[in-house]
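Both of the next two complexes hold subunit A, though its partner changes from subunit B to subunit C.
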Partner chain A sequence: MNISKFLTLAAAGLIAGAAASDALAQTPKKGGTLTYTYQPEPTAISTLATTAVPVALISTKIYDGLLEYAGAAMEPKPGLAESWTVSPDNLSYTFKLRQGVKWHDGKSFTSADVKFSIEVLALNYHSRGKTYFGNVTAIETPDANTVIIKLKEAVPYFLKAFQPSETPMMPKHGFSEQEIAEKKVRQAKIMLEPIGTGPFKLKEWKKGSHIILERNADYWKPGQPYLDQLVLRILPDGAARAIAVEKGEVDLAPMTALPPAEIQRLGKLPNLVSSQAGSEGLGPIMWLEVNLRDKPLSDLAVRQAISMAIDRDKLVNVIWYGMGKSARGPIVSGNPNHFNKALPKYEYSPVKANKLLDDAGYKRGADGVRFKLTQNFLPYGEEWVRQAEYVKQELGKIGIQVEIESLDMGGWLKKVFTDWTYQLTSDFHHNYSDPTIGVQRAFISTNIQKGATFSNSMGYNNPKVDELLKKAATLPDGPDRKKIWDDVQKIMHDELPVIFLIEMGYTHIWNKRVKGLIVNGISMYSNWDSVWIE
Partner chain B sequence: MRQASLLFLVRRLLQIVPVVLAIVALNFFLLRMAPGDVADILAGQMGHATAEFTQQLRQEFGLDRPLYQQFFIYMGKLLTFDLGVSHLQQTPVIVLILDRLPATLILMLTSVVLAVALGVVLGVAAARREGTIADSLISVLALVVYATPAFWLGLMLIVLFSIKLDILPSGGMIQIGAGLKGAAYALDVAWHLILPAATLALFYVAIYTRLMRASMLEVYGLDFIVTARAKGLSETAIAWTHALRNALLPVVTLAGVQFGHLLGGSILVETVFGWPGLGRLVFDALLQRDLNLLLGILFVSSAVVVSANLVVDLIYGLLDPRIVHK
Partner chain C sequence: MRGLSTLWMRFRRNRGAVAGAVTLGLVVAAALVGPLLYPVDPFDMVGQPAQPPSASFLLGTDVAGRDILAGILNGARISLLIGVLASLAATVVGVAFGALAGYYGGWVDDVLMRVTEFFLTIPSFVLAVVVVAIFQPSVVTVTAAIAVVSWPSVARLARGEFIAQRGRDYVQGCRAIGMPDWEIILLQIMPNALPPVIVVSSLMVATAILTESGLSFLGLGDPNLVSWGYMIGVARTVLRTSWWMSAIPGAMILVTVLAINLVGEGLNDALNPKLRKR
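So, the complex of A and B:
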C-alpha cells in the first residue's frame, strides 16, 4: 500500500468514525439538570397572571397548549389534541383529545378543562384572549375527548392560539367556584402552586433565589422529558449572570438574558453556543414611536428626515453589538409567510434629510436649530439610553434639538399610552405568529385608546390601512392575504407612522452540552420535553 | 433612678406609635405621586392590553377607588397588623417579608458584627500609634476601601475567588437542588456567605476604623487620660479600659443607625451575589409599583429604625453613667 492510499483510507476511516460518533451524540440521553437564568424573577407561574417573559419562560414547561408547533412558521401539530378537523367555511373546529392524559395531581384531562381554559380563563384573563377567541360563539363538548369550537367569523390565525403561553390548558378543578364568580382567578392558589399536564412539575420555589421543576413521570409522551430537573436561578446582576454562564454553573441564558456586551464576549467562548434562532414566532421589532398629534411630527417630511438621519446599521452594530438588523417595515424579515420582500432598505443620508427639512420650510435659527423635540426611551437598560443619545446626536446634525427625558417603567407607560404627552420614544413590539395579532394592534385606528398599552399611541389613522387590516383579519393565509399584508407594509414603509428601526435579535446563550433547544419559532416558550444534556 | 428609667422607656415606646403611623401615611401619599400604577405595569408586561383590561386590573386591586378611601382601608387593616397582599405576587406581604428576612439578617449581622469588631481594633491600633507608618497605612487603606464601590469590589472578589481560583461560589445562598439539611445546610450557607459578607464588611470596616480612630484621639486629649498616665497605668490598660469605653459612643450611634438599615439590606451586594434578601425585594417592588409590598416593607423597617434608636439611647446610659434619662 502506498502512502497516499493509506492516508486516503485513514481519512475515510476518521470521517466514518466521526460521523458515527456524531450520530451517537445525537441520541438523546436521559437524566441531568438544566439550569437557566433570567431576570427579573417571575411573579406567578401562569401566563394568565401576566404574560411577562420570565413568567412565560417557566409556565410553558408546566402547562401544555392544546397543540404543538413545528418550525419557524409555527405549523400546528398534534399535542394534547391528537387530531383536528376544520369545516370548509372555517367556522367550526373539532379537536379530538388524547386519551389518558393526567394532570399533575393525577386527575384526568378532559374536554371540560379545554372549554374552561378558553371560555373562562383565556377569554377573560389573558391579555390576548379576546383577540384569539373574541369570535367564538360556542364551545361544545359532546364527550370527554371532543371539543368543538364554533366561530362567528373565520379567523386566519385561529390554530396559532393554542400555544402554551397564549392559551395554557389549566384544570377546571384548580379553581373554586367562588374564585370564578368573584373574578379572583389571578388570586387563586394555582397561580403559585401550578397543576398542569406538561413535562415538568413545580418542586420548589425559594423566592429571590431559585425555582426547581422536576420531571413529570406520568407525562403523556413515553420516555419524555429527558431532563430530570429544570432549575431557574435568579441572579439579578447582569455581570453575575454572565459569570455563572461562563463558569458553567448556569447552562442557558435565554432571550437576551445577559447584557449585550457580555453576549458578544461569551459568544466567542468554545464551550458556549450563541444563537438568535428560535424566536421567529415572536418577531421582536423596535421603532421610534412618534406622536403624530404634535407638529411638526405630523409632517411626513419631518418623519422622513428623522428616518434618514439615523444610521440603522450603525445602531445595530455599535449600540446593540450586532444583535439584530435594520427594519424595513412593521413585519420582521424572518417571518416566512407575511414579510414583503420588495421593501427597500431605509436610506441613511443626513444631507438629504437636511434638504428635506429645508424644502419643507423648517429654517435653522441663529443657533442652527430648526425645532426642538423631547425623547423618551424604554427603561430596559443601558443600551436604550445609549440609543436615545445616539438619536439625539444624529438629529442634532439636521437641526433638530432633542432633549432626553428618563422615566421608569410605570412612568413611561403612563406618559406614552395613557397621557400621550410624549413626542419621540423608543418602543418594542412582538409580531407574534400572525401579523393580525402582533402588528394590527399598533396601527389600526380603533386602537387609539387611552390606557391601552403597546397600542396605537401615535394616533395613526389611515382609513385605507384600517380597511386592509380588517380584511386581512378574516382571510385565510394564502396569496390574497399575503397581497393585503404586502400593501399594508408598503404604505407604512413610506408613510412612517413610526420610524421603524431594528428587527431585534433575541440572543440565547447555552452550554454546548445542552441539546435540542431550538425546535420552532417560540423555542424558549416551548415545553423543552425533548431537550437533553450530553 | 430605676423608676425614672422605666418612665422614660414607656414614654419613648408610646412616642413610637404616632411616628411610625406618620411615616406610613407619608409613604402612602409619596408613593402615589409617582406616575403609573401596578395595573399599568402588569398591562405593560403583557404587551398589548386594552384600556378595559387595565381598568379591570385596577378594580381587582382596589386601585379604582378614591385615594382617601384606599388610605383609610389600608390604615384600618394596618391597625390589625394586616399588611395586605402583594398585587403582583398575589402573596400576603408579611409572608414575602418573612421569607426574605433570614437571608438579610444573616448577611447584615455577619458583616456589621465583623465590621464593628475589626473597625474598633484597627481604629484603636491606629490611634495608639498616631503619626507612625502603621497609623498612616491603616488610615489610607480604610480610605481606599471606603472609596471603592461595593458592587465593583464584589465583582472583583468573584473574578478572583470564584473564576480564577475557583474556591468559592459566585452567587446564591445555597447549592440549589442539593437538598442539604442541618449542619451541612448551615455550612453550605456559610460557604456562600463568605464573599457577600466580606464585600459588605470591608465597606463598613473602613467607616468604623476611621470613626474609632478619631474618637479615640479626642478622648486621649482629655484630662482623665493624663491622670491615668500619671497614676502609672500601662498604655494598653489606658486604651482598652479607660479610653475605649468613652470613645465607643459614636460607634454605638452608627451601629444603631445601621441596625435600622438592616432590613433594607444592601441592594447592591444582594444584586451582585444573587443573595435573596429584602433589598432586592424593595427594589423590584418599587420598579413594579407593587405598593402594598413596598408600604409593608417600609412599615416594618421604620418600626425597626425607631426601635433601634431607642435601644441606642438605652445603651448610652450603660456606657456613660453621666447620661441620665428623664
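So, the complex of A and C:
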C-alpha cells in the first residue's frame, strides 16, 4: 500500500498533538450548531457535478466514502466498509460492508449502491474517476454486503480513492433511469436534493442566503454526529465574512475563506484559532490556465513570455499576504515523495519576455499592443480579482492587452470546461496524496472532455507526457516511479501547458469553542461527525 | 453676449454656487491634466500593500500595492466622463420624449408617457444593476444603463414645459404663418422650455456619478478602468484595518457631487430668476 507522507515529521507531530489535545483532553458535548462560511455558494451538492471547493465542503457531510482516513498521512480506516482485504497481486479488493446502514430516505445501503457509485457515477462523472477506476475490469457483488473490485493492473493509490469527496457513495434509487440513460447525471434532481448515508442531511437550501444541514439521527455511528445542525452562511463580501467570524456569528471560515488581510488580523484575536494544519492531503497548486487551441497561446514563446512577465514572489507577498510560495511545476514542493527538487525557479524578466515576443515575430502595433487576450478569474473572492488585475497589468507591459471578464461560478465553469471559449483564467487544483490522482487529470490527453470540470481544459496533448503518466499510474512508489515524475515535471516546467503560479497555503480560522475539526489531511473534506461545540 | 453676462451676474450672487464651480473646476482640471503631471499607472503594483499616506505615496497604497493618488486622478476622468455622458444622453432622450408628448398631446402623449412611467416604476438603481449585469460591465454599458434609468424624469419635466408653452400666442402665431411642427418644436418652444431642463440635467450629473460609484462598488463597473466607486469596493475588505483607503475616494465623490449640486443651484438661480424672488 502506498501511504503518502505529505509533510515533515515535525508538522505531523504538531497535528497529532493538536488532534490528541482536541479529542482526548475533553469529552465531546452533544448538541449545538456549527456555522461556516465560504464564497461562492455551491452550484450543486455532489462532487460529481464539480469538485470545486464549495461543493466538496458541503457534499462530504452528506455523502460518505467507503472508507475513513486518519492523520495527516491519510491512513485508511473502516467506514461504510467494515473491513477489506487485498489479494497478494494487488489486483482484487474485497470490501465487507457495514450492515444496517440506511440512506437518508430510509432505504438500505447495499453493495449494489457501491457498484453503481463507482461504475456508473465516479468513473464517468468525477474529474478523477478515470484515474481511480480506469483499470477496473469488474465489480462483483456476491451478496448485499460484499463488493469485490477486480483490476487489470495494480493501482498503487487505490485505497485513497474512497474519500467522501472522491468517490461519494450515492443511492442507485436516487437517479431515474432516464437521467442515467441520457447522461443527465450532473443535472439530476439529486444534485440539489441529496440523499446520502452521511452524518448530516439537507434540511433547507435558500439560494443566496444559507444551507442548513441537520443531524442524521439514523447515522451508523452510535451517538454521532455530535452537532445538531450544520449551517453554511453565504456572505459574498469578504469583509462581512470576516466580521461574522470575529463576532462569533460564524464559527468557521475554512480554506482561506477570508481576505488575506483579515486572516492576518483575526489570527491574532484570542477567541479564534488560525491554522494551516489539516490540509496536507490536498496540496493546492494555482496556475494561469491557457487555452492552447488559440493561436498566440499555442506558441511556446508566448507562454514563456507570459510566465516571465509575472513576478510570482510579488504576487504571493502582495496579493496573498505571504500565504503560499511561488510554484515551480505541477507538483507542490511540500510533497517529499514526488517533487522534483532539480526544477529551477521561474525567472521574472519583463525585458526577456519582450525580447522573446519580438523574436517570435509578434510586432507591436502603433498603440504598443502586440495582440489581445481575454482573462477570466476564479470567482472565489476579491484576491482573485486583484490577481487578475495584476496579471493584466504585467502583460500590458510586454504588449499583450488583456481584457478582464467577470463571471459567476456557473458561468465560469461553463466557459472554461464546457465551452472552452476562455483564453486565460486563474485556476487551482489539488495534488491530493498522489500526483496520479491530482496531477494527471489536468494534463493527460484522454481528459480533454467537454463538461468535465477541473480537467484538461487547455487541450494539452503531449504523447510523451501521456505515456509517462500512464506508466506512473501503475508503478508502486520507488526510484522508478520517482524518475518518471521527475521527467513529467521537467517537461511541464519547460513546456508550460499552464503558467504555474503559486503553491497556495490554506488557512482555516475557527472559533475556539469548536473542537475536533482537524482529524486528517483532508479535514475540511471530512464528514465532521466528531466535531463538537463547547 | 449680453445674455451670458447677465447669467453670470445672477449666478455669481449665489456664493455657494461660485464655491461649487471653483471646486468642480479643480476636479475637472485634476481629471484633465492630473494623469499627465502624475504619470503613475493606477493598476501598477508599485509598493507594499495597504501603506498609509506618506512622502513616497501621498495618499498611500491600496490592497494590491497600487498608488491611491494615481487611482484618484484617473478615477476622476472616468467618474466625470460617465457622469456627463450619461446625463447628456438622458437629456437628449428625455427631451425628445417630453417634447413630442407635450406638443402633440392625445395618443402620442399617452403612448410616450406610458413608456416613461414603465421606467419610473422600477427602482432606478436596481434597473441599472440589471442592465449592466445582462450586458457585461464596460464603460459603454454602464453609461447606457445610467442614461436608461435617468431619462424619464427629464421627459416628464420637458413634457410639462411643452404643454405650458404650446397654447401661448407666439406658438399660435407660428402655426398661423404655416411653420412646420419640427421648426416650432426645435426653434420656437425649445429655447423657452430648456432652462429648467438644463438645471435638472446638471444635477443629474451628480446622480450619475453616484450611480456609477454604486455599480463599481458592487463590482459592476468596467473591470479595465479605475473609478472612485471601484476604489471603495476594493478597499471595503480592509475597512477595519485601513480606513483611509476607502475614505479618500469617498471624500472625492462627496466633494464632487456636492460641487455639482451647488453649481446646479446656481444655474437654477441664473436661468429662472423669477423663481428665486419668490
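One rule holds for everything that comes next: the second predicted complex is superposed on the first by the 306 of 534 C-alpha atoms of A that agree within 3 Å, B and C clash if a C-alpha of one lies under 4 Å from a C-alpha of the other, contacts with A are read in each partner's own complex, and residues count from 1 in each chain.
Assume contacts are C-beta pairs under 8 Å (C-beta built on N, C-alpha and C of every residue); 3 or more make two chains touch, one makes a residue touch a chain.
As the structure is a prediction and not an experimental result, all values here were calculated from the model.
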item: Touching partner for A:I319 - first (subunit B), second (subunit C), both, neither; value: second
item: Contacts of A:K341 with subunit B and subunit C, given as first, second, both or neither; value: neither
item: Per-residue contact with subunit A, leading partner among subunit C and subunit B; value: B
item: First, second, both or neither for A:K392, with subunit B first and subunit C second; value: second
item: Subunit B versus subunit C as contact partner of A:E382, first or second or both or neither; value: second
item: First, second, both or neither for A:D237, with subunit B first and subunit C second; value: both
item: Overlap of subunit C and subunit B interfaces on subunit A (superposed complexes); value: 237, 239, 243
item: Footprint of subunit C on subunit A - complex, ascending; value: 237-239, 242-243, 259, 261-262, 265, 314, 318-319, 321, 382, 385-386, 388-390, 392-393, 403-406
item: Of all residues in subunit C, those that touch subunit A in their complex; value: 41, 43-45, 48-50, 63-65, 136-137, 219, 223-224, 234, 236-242
item: Parts of subunit A lying in touch with subunit B, wherever the complex brings them together; value: 33, 35, 40-41, 43-44, 49-52, 127-128, 130, 183-184, 186-187, 191-192, 206-210, 212, 229, 231, 233-237, 239-240, 243-244, 246-247, 249, 407-415, 417-418, 429-430, 441-442, 449-455
item: In the complex with subunit A, residue positions of subunit B that touch it; value: 34-37, 40-51, 53-55, 60, 85, 88-91, 96, 99-100, 103, 151, 155, 158-159, 162-163, 169-174, 176-177, 270-274, 276-277, 280-281, 284, 287-289
